[in-house]
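First chain A sits with chain B, and in the next complex the same chain sits with chain C.
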Partner chain A sequence: MRNRVGLHLACLAVTAFVGVPIYLVALAAFTSRTALNEFPVPLGPTDVSTETMRGFLATTGVTGGFLNSLMVGLATVVLTLVLGAPAGYAVARYAFRGHDSYQLLLLLTRALPIVVLSVPLARVFLRIGLYDTTYAVTLLHTALALPTAVLISSAVFVGVPREQEEAATVFGATPAKAFLRIVVPQALPGIAAVAVFTFVLSWNEVLGATILTLNQRTLPAQVLTTLSDSPLAYRFAGGLALVLPALVFIAVMRRYLLNIWGTLR
Partner chain B sequence: MRTLPRAPGENRRALGDPSATPARRGAGRPAWLWLIAPSALFMTALFAWPLLVGIGQAFTGPDGFSAANLRRMVDDPYFWPAVRNTALLIVVVVPLQFALALAMALLLRERPRFAGFYFYVWVIPLAISDLAAGLVWLSIFTDRGYLNSALAHLGIDGYAWLSYQHPWSMFAAVVVAELWRATSLVFVIVVAGMQGIPRDYDEAASVFGAGYWQRLRYVLLPQLRPSLQVALILRTILALETFAVAQALTGRSMPLLVGETYQWYTVLQNPGVASAIALVILALSLLAAIGYLRLLRDRTAPR
Partner chain C sequence: MTSIVVDRLVKTYAGAHRRAVDDVSLEVAEGEFVVLVGPSGCGKTTLLRMVAGLERPDSGTVHIGGREVTGLPARLRGVSMVFQSYAVFPHMTVEQNIGFGLTMHKVPAPQRLSRVRRAAEMLQLEEVLDRYPTQLSGGQRQRVAVARAIVMDAAVLLMDEPLSNLDALLRLQFRSELKRIVREVGATTLYVTHDQAEAMSLGDRVAVLRSGQLVQIGAALAVYDSPATQFVGGFLGSPPMNFLTATVSGSSLAVGPVSLPAPEFASSWDGKPVLVGVRAEKVTLDPSGVPAVVEVVEPTGAAMLLTVLLGDQRLKVSAPADLRVEPDETVRLRIDPSSVRLFDPETSLALLP
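This part shows the complex of A and B:
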């Protein structure tokens, strides 16, 4: 009995450690500037106001950054799926020469830090005229997401029984039709998980987006580069704006998380 | 919890060992080539090319080959503190994260009520960027922030947690923010690993009188080894890239290696030195990955 109580207390403690900071930054973002300048700051929602949040959203570059983030995220998802899903299918279904070297390529690229790519890529993009565009950031984010996307989608396709696909061809379906009718419907939820994973990765990436752009900042890049000369209220509001999508992502992704991280061995 | 339909072990067999997958060899033109080629080309272009350009950038001066960038990097007063802080952060944060993540996974393994809710909350930081995490904790640790306010309510004087005059509390703030943000990654990997472990062994050990800690030490942990290994490599490499947390909390008061790359590139506009630091980070990442693989190599089942 004492053990169960301890268990619940421990669970609540961890939950508080994760949850309270999110509550506090939300509180800060919805407290008026005058109340934020008082000391001590109110610890409860006694002085709720949308002034701070509205101020943040009205700051130059924030709306543009938001739209850029959205565009880069969606484009990264599309490009990653177009390049990664077929590769995942091949890894799952075919034994081919170079299978192992391909796996090694995936592993190596996953271990490469973002900084190592970003600085030289800026120079390459400058030369070919892609610097400071959302395309540049999209390409970088796709490169970052692709190895993991291939690994997860191959796990997804492995989960679709080959026998069903073969049975369909035996009964006269073309391979393409068998793929569309049998494999796609079963793989779709897993592929959707890959898409959300990719979007989160792109939404959160700061450093590369900052280095590859000047005016076409994504939201995190915009917040980072204006950090040192912006008031605290702006930073808290920016923090909340960056955290909020995470809550939605996790709610959508919850059931796939274990699969994603379970397949990464 | 619904899961993707996947038999345990099937994935690895298909991934690791081509001979285990009955091939569609001889089905005419190699379809796999068309499926693989775009991604392989893309990755080579976006990884190999910049890597070569980067090495070129780091070792080129105004007139051909030079080590001037390296010398400037090493002579910079921020460089060695950045190396020290990065190393210290990894040494402190990673073990704490593993202890915390393991404890969290073990708590859920006891199947408390509301386990689903706990899992949801505990993995939220997975989707939170390091910049956002820094800003979240800034609201707590800043001078007129929530920590000092709470202390004031208790009648305790505030403390300048993030002042450069207090390097230790500054460091501790970054550690706490990193723990908060990145423990969930280890947690998820450990939970996924635990799901693959049959409870039989655990129950057998308990029948033979093993206590909780003994079962943990001799039954559960050895079986978790592959998961822990992956998590350790991933976390160490990611910890090397920590930057925006410290940037948001302390500015440049607590320099980190990636933060210095950012400084040299965006503020000082010197891509050569920025590339040189980036190569140091790459070397450290590779060193860490190889070191761990050797250290943790499973003697029974080489992969």
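This part shows the complex of A and C:
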């Protein structure tokens, strides 16, 4: 009983730690500009207004940036899963020459800082005409997300015992069918986690996106490059716009995530 | 006519120093129950997996029902299998698990359901058909795995240590049930276990493997009674066969200072050292027998297991349960020459009459 109370308190504390700043940012974003300058700042919604938010969204580049971010994020998720999940499966199931060095090499790609990676990439993209497109950012983000995606998904596939796949083939399934009917349903929660991770990584990545684009900026790149010159209210509006979509995406994926944790017990 | 014929199968795993299965030939007649038994790492599971089509042999052939299947994938071999880890699908209900093979073979739903129900009845799973495997006990999960295998009505049933994950009491209960079910189904069965008691009790015939090689195959009692090598005698039976070093001298065996009557055929090894093998229950207490000093007394309930010193060699004796003896007492033993088995101490092969 005592333990449960402690556990709940701990949960509350963690939730507050994450939730309160988001609440305050949201509050500021939806408060009129005059109310924002009052002291002390009211902690409840006293003077609700969409003025700041509307102003922010009307700023040139914000809507475009939002759409770019969304496109890049989703395309990165798709590309990462298409490339990363099969690689993870191979790492999990097959002993092939260079298995261990392959895994090490994957991690090594993350040893290069994005700045070091972005400048030569920008040169390459300039030459082949991909510079300043969402494709360029998608490719960069996929490259950034892949190593982790491969390693996580291989751990997910390892979690599905090989004997189950073998059982499926003994009972008449082709290898492809065994994969689809036995492995995929069980791996789905883990794959969802990879998707969440990839999307959030892409959504939050600023440096590479800033270097690889001029006009086709993603939202964080757009907001963060203009933020320093913006009034306080805009910063809150921008902050909220940056946080919200990632939260929505996680909420959508929550069902699958809870699945994996629910069955682990 | 669904026999299994395994001919000179060889398998070496990549990176292994020796063969996992080394030139094994074996025949399982239609409807027969053969148990592959041996210590862990003897290649019995690999052999089974090659019959199932989950492992590809380096050389040799597998025929099932007269058809060569060596290169065929598992799904085309017409076999059914129970896995050691059960391998039930956790994301499917018990009913979906049992019916999986039928679904894969596109059996129409009404027929599938009635067959699933029949298999579930045989294994007392009717009550839990809607549950998921995580909501079942280990024993029930095992039943699901068996039901999933027998519902196929496959002519060949393969089982890889299906009882090894159950606790001792459950294992004993399920063992006899499994034997009954397999007999009802009538499938040609190949069964792998490391448990010699399981092998003895289940199989029509028992095949003993060691280091990838088939050491002996025969009816369980015949193998128990006349082991082909010292290894088989020591592996099969509990307690294992007693082995005493002795020398043949005329019509008797000299075990240290003690002399035992020798079987007739021993005369051809006159003067040579031999290994005397005798089962604990073949040693009887007899006032006119040779003296031995009791070292340990272990009541097992059904019998009194004595460890005695015969000369300077240890011997296990299964005495009547009502016998009252204390350690350090002297008992008199008789070993009937007909129950004595002789082995060559160099090759450890049985010396035959």
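As a convention for this text, the second predicted complex is superposed on the first by the 216 of 265 C-alpha atoms of A that agree within 3 Å, B and C clash if a C-alpha of one lies under 4 Å from a C-alpha of the other, contacts with A are read in each partner's own complex, and residues count from 1 in each chain.
Keep in mind that, in the parts below, a contact is a pair of C-beta atoms (placed from the backbone, for glycine too) under 8 Å apart; a residue touches a chain by one contact, two chains touch by 3 or more.
Keep in mind it's a predicted model, so treat the numbers as computed, not measured.
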Is A:180 touching the first partner chain B, the second partner chain C, both, or neither of them? neither
Check whether chain B or chain C contacts more residues of chain A in the superposed model. B
First (chain B), second (chain C), both or neither touched by A:95: both
Applying the touch criterion given at the start, work out whether A:57 contacts chain B, chain C, both or neither, answering first, second, both or neither. neither
By the touch definition at the top of the document, which applies to A:9: first (chain B), second (chain C), both, or neither? neither
According to the stated criteria, A:154 is in contact with first (chain B), second (chain C), both, or neither; which is it? first
Scan A:169 for contacts with chain B and chain C and give back first, second, both or neither. second
By the touch definition at the top of the document, which applies to A:235: first (chain B), second (chain C), both, or neither? first
If you lay the two complexes on top of each other, which residues of chain A touch chain B in one and chain C in the other? 95, 186, 263
Could you please specify the touching residues of chain A with respect to chain C in the complex? 95, 161, 163-164, 166-174, 177, 182, 185-186, 263
Complex contacts: residues of chain A adjacent to chain B: 4, 7-8, 10-11, 14-15, 17-19, 21-22, 24-25, 28, 36-37, 39-43, 82-84, 86-87, 89-96, 98-100, 102-103, 105-106, 108-109, 111-124, 139-140, 142-143, 146-147, 150-151, 154-156, 158-160, 186, 189-190, 200, 203-207, 210-211, 220, 223-225, 227-228, 232, 235-236, 238-239, 242-243, 245-247, 249-251, 253-259, 261-265
Provide the residue numbers of chain C that touch chain A in the complex, in ascending order. 14, 52-54, 73-75, 79-81, 83-85, 87-91, 100-101, 104-105, 134, 148, 152
Chain A contact footprint on chain B (complex, rising order): 1-7, 10-12, 14-16, 18-19, 21-25, 30-36, 38-40, 42-44, 46-47, 49-54, 56-57, 103-104, 107, 110, 112-114, 118-132, 134-140, 142, 144-146, 148-150, 152-153, 180, 184-185, 188-189, 191-193, 195-196, 226-227, 230, 234, 237, 240-241, 243-244, 247-248, 251, 258, 261-262, 265-266, 271, 274-275, 277-279, 281-282, 285-286, 289
